[in-house]
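Just so it is clear, A, B and C label the chains in written order, and each chain counts residues from 1 on its own.
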Amino acid sequence: MEDKQPIISIRNVSKRFGQVAAVDNVSLNIMPGEFFVLLGPSGCGKTTLLRMIAGFEIPTEGQILIDGQDMAKVPPNKRPVNMVFQSYAVFPHMSVADNVGYGLKIAGVGKAERESRVAEALELVKLDGFGTRKPNQLSGGQRQRVALARSLVMRPKVLLLDEPLSALDAKLRAQMQFELADLQDHVGITFITVTHDQDEALSMAGRIAVMNKGDIAQLATPSDLYEFPANRFVADFVGSVNLFEGRLTLDEPDRAAVDCPGLGKVYLNHGVTGPHGADVWVAIRPEKIYLHVPGAGKAIRGAAEDAPEGHNFARGQIKGMSYLGDITLYDIRLETGAMLRVSRPNLSRRDQEDFTWDDRVSMHWRADSAVVLLN
Amino acid sequence: MESWKNHKALFAAIATAPLTWLILFFLLPLGIVWLYSFGTNQGLTQIDISGTFANYARALEPLYLGILWKSVLVAGATTIICLVVGFPVALAIVFASDKWKPWLLLGIMLPFWTNLLIRTYALMAVLRTEGYANQTIGWLHDKFGWLMTLVGLPPPGAYEPMHLLYNNFAVIFGLVYVHLPFMVLPLYAALDKLDKSLIEASLDLGAGHLRTLLMIVAPLAAPGIISGIIITFVPALGAYLTPDLLGGPDSQMIANVIERQFKRANDWPFGAALSFILMYATFIAIAFQAMKARQAEARQ
Amino acid sequence: MIGLPKRTPIAPLEYTRRLWMRGWVGLVLFFLYAPLITLIAFSFNDSRRNIVWRGFTFKYYEKALNNDSLMEALVNSITIAALATAVSVVLGALAAVMLWRFRFPMKAAAEGAMALPIVVPEICMGVAMLVFFAKIGFPTDLPWPLNLGAITIAHITFCFPFVTMVVRSRLASFNREEEEAAKDLGANEWQAFRDVLLPHMKPGLVAGALLAFTLSLDDFVITFFTSGPNTVTFPVKVYSMVRFSVTPEVNAASAMVIALTVILTTITLKMQSRMGTIAQGH
């Protein structure tokens, strides 16, 4: 990230509606050219934060700087940012070209330049030739492209996108994820996107801020967020996870162990740096657990070689199963009575037939698979 | 939606009463008036439907044409004032907090539920020569008249009460007073339906509030604005009570002339013709609104 | 405002929090209410000419209540309004169901005719009623309350299309599958109507009833053309009194009607909001 000046600097910003704090003392720097995603469940304050950057909500406390300038007294129509709205907000009474040219017209850009820039913007979002259409003649995806072009044509310093893909169907959403990332790469403008969809966030973002109850729960790159969640909220919200409460019984620089009443002893090949004997949580992703028939574990033992005998090993019975095509999910009742979810890739066409309801199974996982969370 | 043919008995049970009532007590009476408009008076109570157009021809005489034109002007002025006064009010209700919104709506609706005659009467009490308006202004005049000397003007003499009642001003004032809720409610409905992010998008793209109002809000709320205009204009055009009670001798509107034909002059055929001219004017206004609404719908 | 937390700044779309907007709304509300409030206030004023405040009194209420012709007019008005409301709700609901449920020949014409009483200028309708009852020779010397028949018929005619309009917009939000579910579970046409459709229509019926009642109570012009010397309603009576002079007695009677209006509106809003919450519940 070098030592560039942040394009957006959010300093101790809070927004209260009455007694409720929608955003609670958030500080955040976003760098030029970043694809930044605000991810969180509904009501976590992500949209409020975005709308404060755009100028539609005014912070109760704190400061927002865009390109080093304090935005406190600057109304939305004077800010160097543009927004793509969740509903797209394409003006229904204007043609596509008039929609895209609206901001330029307001800014007093001459007709000739306006037309060429509109055409350029439409080409950028692959809508060339749609200029004379009315919004009611467009599909949802096309309307979104109009909203995108309408904002991009203004050449903003930052483009804000509020749940840009939520109104699209699954196939189109996946396609637009790639296109948005591509587009951002191409135009080089800073993108800030708000979403509740973790797939969307992980696939597009350079950095993700996960928000919870008005606060930033973790700020990290997509892979760090998934593999090294900082707390239970992030572990649970991003992807699915098995969480077990336990006590830290061993904590040395190169190894650690957690005693979980629900899961048994969990061994890790790295230190945790938590207080000895502390109450902690162990998080294991379903895809990081190996499943095999009891006694046949030796064939794949290699995967768990680094786990001492009796550690990172569990037995149970399959109580639930859902076949999802690419993977199969198993819900397994452990001997302790706790439930564990395991996913298994269907590498060959008959893999899903290996296990079925009520089968007794053994499981194990590698010493670097589990994550220990302190809160 | 199902065809009546598949449920004939049910349809008959549901439809007979309202349709019969409508035909017997509404369309039939209107039909009689329509026939009378082509009739001539034969004695005191006898009317002969002779198929003459004389009544309509008489309505085109300068005297009546002038009153008709004046009615249109008064109703038009009322409508414009209501629009100008009511638009910010509608906007304020739309963007009011959830706590205030129902109270503001109630505040606009309550006079609308209050008896028209009582409201007109209340206005008379305010506007009379010795009414509250003149009293208040007179009091201010007496109290603060000396302020004039401060700017070098002679102190004003005794207060001359203004004649606020029994003139065209009073009629328009009264019509605005009565019809303002008619304008505010459709405007409110139209503005409330508007996607607020369209306004935000316009601001976001650099437009100020006034330009957003003119380029985004007004065109999109056009059907509501037009229906507000029609809903105000139509009853104002046919107003009887307001010009009758608040107006002077030269404030007669078309409805007053119609009333005179039936109640005093006893020239029913002419009154019938005037009634139908007023109805046709109303229908033209409504047809215009329907046309605009359809255009707007096609665009959405 | 010492000691209070700092006011939150006004966000761009919070138009209602802007000062000029508030001033404007305040002025408009003043314009709407000042005449009514002075009217009520001066009904308690102990002065014949009712200009200057001369002390508090109830005597004009006593006078109004003891004014037989005024009270008779008020009773007539309320009787007519009650009768007109009852019939209008039935006719209006039937018409609404008919237009909502069926396709039939000349439906557009029927719809247009149904909307006509709403849009036709009052004076034209009053004239039509006058001519109609004169033409059919409607008897004018019937005993009370039958002598109110002509006015009541006229009121039903202009009230029930309003009920139709309100109920129809309520029906638009009805989910036909609920009715189909009732039939699937064994209900016949009538039972499905009674148990499913009617409860859904209820808020519309209540709103329509209040609208009809108010419109009937409010009407002057149409009544003016259908009433005879023995069938005076409250607005017609006030009209004749106002023509002579402005008296505190009229103020007092008006204040009572305003109070009645406010009470009725409050009851309806209460009922509607309660039914609204129930309706949202499922």
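Simple rule for what comes next: a residue touches a chain if its C-beta (ideal position, glycine included) is under 8 Å from a C-beta of that chain, and two chains touch if they have at least 3 such contacts.
All values derive from a computational prediction rather than experimental measurement.
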Graph class of chain-chain contacts, one of line, ring, star, complete, other: complete
Between the pairs B-C and A-C, the one where more C-beta pairs touch: B-C
Cα-centroid distance, chain A relative to chain C, in whole angstrom: 56
Rounded Å distance, chain B centre to chain C centre (Cα mean): 18
Shared-contact residues (touching 2 or more other chains) in chain B: 200, 203
Of all residues in chain C, the ones touching two or more other chains: 12-13
Shared interface positions of chain A, touching two or more other chains: 55-56, 75-76
Complex interface listing, chain B residues touching chain A: 195, 197-198, 200-208, 211, 215-216, 219-220, 299-300
Residues on chain A engaged by chain C in the complex (per definition of touch): 16, 55-58, 60, 75-76
Chain B to chain C touching residues, read off their complex: 1-4, 7, 10-11, 14-15, 17-19, 21-22, 25-30, 32-33, 36, 85-86, 88-89, 91-93, 95-97, 100, 104, 106-111, 113-119, 121-126, 128, 130-132, 135, 177, 180, 196, 199-200, 203, 209, 234-235, 237-238, 240-241, 245, 255, 258-259, 262, 268, 271-272, 275-276, 278-279, 282, 286
Complex interface listing, chain C residues touching chain B: 12-16, 21-22, 24-25, 28-29, 31-36, 38-39, 42, 49-51, 90-92, 94-95, 97-98, 101-104, 110, 113-114, 116-117, 119-124, 127-132, 135, 153-154, 156-157, 160, 164, 189, 214, 217-218, 220-221, 225, 234-235, 238-239, 242, 246, 250-251, 254, 257-258, 261-262, 264-265, 269
Chain A contact footprint on chain C (complex, rising order): 8-13
